[in-house]
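Please find one structure pasted underneath; my questions will follow.
Letters A, B, C, D, E and F mark the chains as written, and numbering starts fresh at 1 in each.
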Amino acid sequence: MLHTVNKSPFERNSLESCLRLAKKGSAILLLEDGVYAAINGTSVSDKVSGATKDNSVYVLGPDMKARGLGESQLIDGIKIVDYAGFVDLAADNDGVTPWL
Amino acid sequence: MLHTVNKSPFERNSLESCLRLAKKGSAILLLEDGVYAAINGTSVSDKVSGATKDNSVYVLGPDMKARGLGESQLIDGIKIVDYAGFVDLAADNDGVTPWL
Amino acid sequence: MTEYNFETEGVKKTITYLNRKAPYGTIYALEVLESVLISAAFEQHANIVFVDDGVFQIKKDQDTADLDMKCFLPTYGIIEMEKEDADEDEDMDMNWRIIVEKESMEARGLTTDDFKIEVEVLSSAELADVLDTSDAVIGG
Amino acid sequence: MTEYNFETEGVKKTITYLNRKAPYGTIYALEVLESVLISAAFEQHANIVFVDDGVFQIKKDQDTADLDMKCFLPTYGIIEMEKEDADEDEDMDMNWRIIVEKESMEARGLTTDDFKIEVEVLSSAELADVLDTSDAVIGG
Amino acid sequence: MKFGILINEGPFTHQASDTAYKFVVAALEKGHEVPRVFFYYDGVYNANKLSAPQADDRNVVKRWSDLAADKGVDLVVCIAAGLRRGIVEDNLMDGFRISGLGQLTEAAIGTDRLMMFGD
Amino acid sequence: MKFGILINEGPFTHQASDTAYKFVVAALEKGHEVPRVFFYYDGVYNANKLSAPQADDRNVVKRWSDLAADKGVDLVVCIAAGLRRGIVEDNLMDGFRISGLGQLTEAAIGTDRLMMFGD
């Protein structure tokens, strides 16, 4: 299952609910304002870093770039994908759960 | 200053920001999905109860009723107003800060 | 304009409706209900799930008269009836579940007595399994 | 249709623009900017405040080319210039402040070096005073 | 006292327009003035005359229009926000007019309280 | 593989429609099929042909319309959601059609993946 999160973890509870309800081993894609969860040194970094132990966490590159976030700021273990990579994630996992 | 909060405290950070940035002695009106902050026995009740010490906290009655919440569930110290009471709060305080 | 025709005959899927928003502040609760009702005609399996503020959607005693808004509660009753019909009709291969997440319910100070309809209460871990085995998830 | 004519001649107020949303996920950042720019013509005092995810609006190095969206950053530069003009022109009674809340900035791992424009960093308590003395607060 | 109103969300999807309407009616009943309601962001959709809600639901667009006719409230739709969202003279409900963002600044300066309703 | 797309928010205000569009283009480039995009909730505003964004901004409505013409994607606007918001035949952009919610259920059943974009 691929879980998509498009909300800022500082503003809403979407990421928290996703982490609580995603089965271990799931893929999680952070996109739109959700990309802020992928960066180091914030009040949620530790929680997200912990999630990379149980899940494959991805972030949408074009959304990071638009918001002025660089690869060097990424939490270890998070992988950047582009829209083609997003399509692959949706195709390779057996379903998609949106956390909007 | 009257502060208005229309978001659920479980979903968004609006109430938290309001409580952090409202000057002591301000009035706070919970309306729309913000009324869920006014009820007892939830994970945010203690925080809201604490706020009633420093601020005058009000809740919009019609929004409570619509959501099936009754007066008996209210946190002590929170007062119910109707739309006319909302108008009075806006008029009697010297400005309005929206936390949407 | 291209009208596409899907082959849905004989296909059986599990669709999960994931309700996470409070009622009335936004319209999502109402419009997702409309789509749940329509889907009954397609005889698919469905999970109608209430998580986060979605649990407030089925709170008893809603009275929207002062807001001049339509109250959704009676419609949840229809969904409950659809589920009962499906449960009782042995010829119908349609399994509907109405699920509330325990953690969301408790954080909001609610118990099953507060709900207008009968629900199945699942833990986060149990609900994670339900989501994981859904073919399509429609959020509200 | 009734067109109302306000008497604004000689009235001096303090308008606070309270930016709390991240850029690009929603349009609020862009459209609130449009209203800040217009207000300059009215020579009012203004506080352009960045709180919560609003602090991300002025993050350096934004590049929206891959989204085909307009980048707002250059417009913040215009606001910075408007403020400088007002500061330098002694005949103009117009005080603009560009404010970032310290707590919001730090929770997001940012420092003033991360911002495209010069800002005043205030603590929550200091910002509470600014809000409290505003005549009108427009949120984004 | 004079109230200016700013509405940032469209009808039905968010409660903002409903709350604003109830507030305006209550303010007028108390003898306050509401010289202008400004529709910004998705708020411009409140002026779409093609909106046709179900018979058992409230008619948000018509309700604002009636208020303009009955109470002389000036309903202003932001031209820039309206253009990008396709709310223009062609589909503008009676009682609304389209104008620039300066009309919002005017309302902020010229009223005693600016009330914002949105998401 | 067949992707069904559900879009729940209007153009410009939320990024949902932009992300969905980019996803659909990338999926088609990879040789997948996108038989249907369903517009629900405020998503119906994506079909408003009166939308006229600024010259230096993307034209969200036209972009979907062009995709329908070029790639034969079936763009369906929910009739109930459209009626209450005033998106009807009168202001419907070329390439979109109006139909019932059953078309969403069909897309959920008849595709391999249903992708939802919204707020």
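Following the convention adopted for this analysis, a contact is a pair of C-beta atoms (placed from the backbone, for glycine too) under 8 Å apart; a residue touches a chain by one contact, two chains touch by 3 or more.
Quantities reported herein were computed from a predicted structural model and do not represent experimental measurements.
Any chain touching subunit A that also touches subunit E appears here: B, C, D, F. Using the contact threshold fixed earlier, the set of chains in contact with both subunit C and subunit D is A, B, E, F.
Among the remaining chains, the Cα-based centre furthest from that of subunit E is the centre of A. Here B-E and A-C are compared, and the pair linked by more C-beta contacts is B-E.
Distance from the subunit A centre to the subunit B centre is 33 Å, each centre being the mean of its Cα atoms.
In this assembly, the C-alpha centroid of subunit B lies 38 Å from the C-alpha centroid of subunit F.
With centres defined as mean CA coordinates, subunit D is found 29 Å away from subunit A. Averaging C-alpha coordinates per chain places the centre of subunit D 24 Å away from that of subunit E. With touch defined as above, residues shared between interfaces to two or more other chains in subunit D number as follows: 20, 24-27, 52, 67, 69, 135-137, 139. In subunit E, the residues touching two or more other chains are 8, 12-13, 15, 22, 41, 54, 57, 80, 113-114, 116, 118.
Contact with two or more other chains is made by residues 6, 10-11, 13, 32-33, 62, 82, 95-96, 98, 100 of subunit A. Taken pair by pair, the chains that touch are A-B, A-C, A-D, A-F, B-C, B-D, B-E, C-E, C-F, D-E, D-F, E-F. Contact residues on subunit F toward subunit A in their complex (touch as defined above): 1, 3, 8, 15-16, 19, 22-23, 25-27, 29-30, 32, 112-119. Residues 10-13, 41-42, 45, 48-54, 57, 61, 80, 83-88, 90-91 of subunit E are the ones touching subunit F in the complex. Subunit D makes touch with subunit A in their complex at residues 20-26, 52-53, 56, 59-67, 69, 71, 107-109.
Per the touch definition, subunit A reaches subunit B in the complex via residues 10-13. Residues of subunit F that touch subunit D in their complex: 12-15, 18, 22, 54, 56-58.
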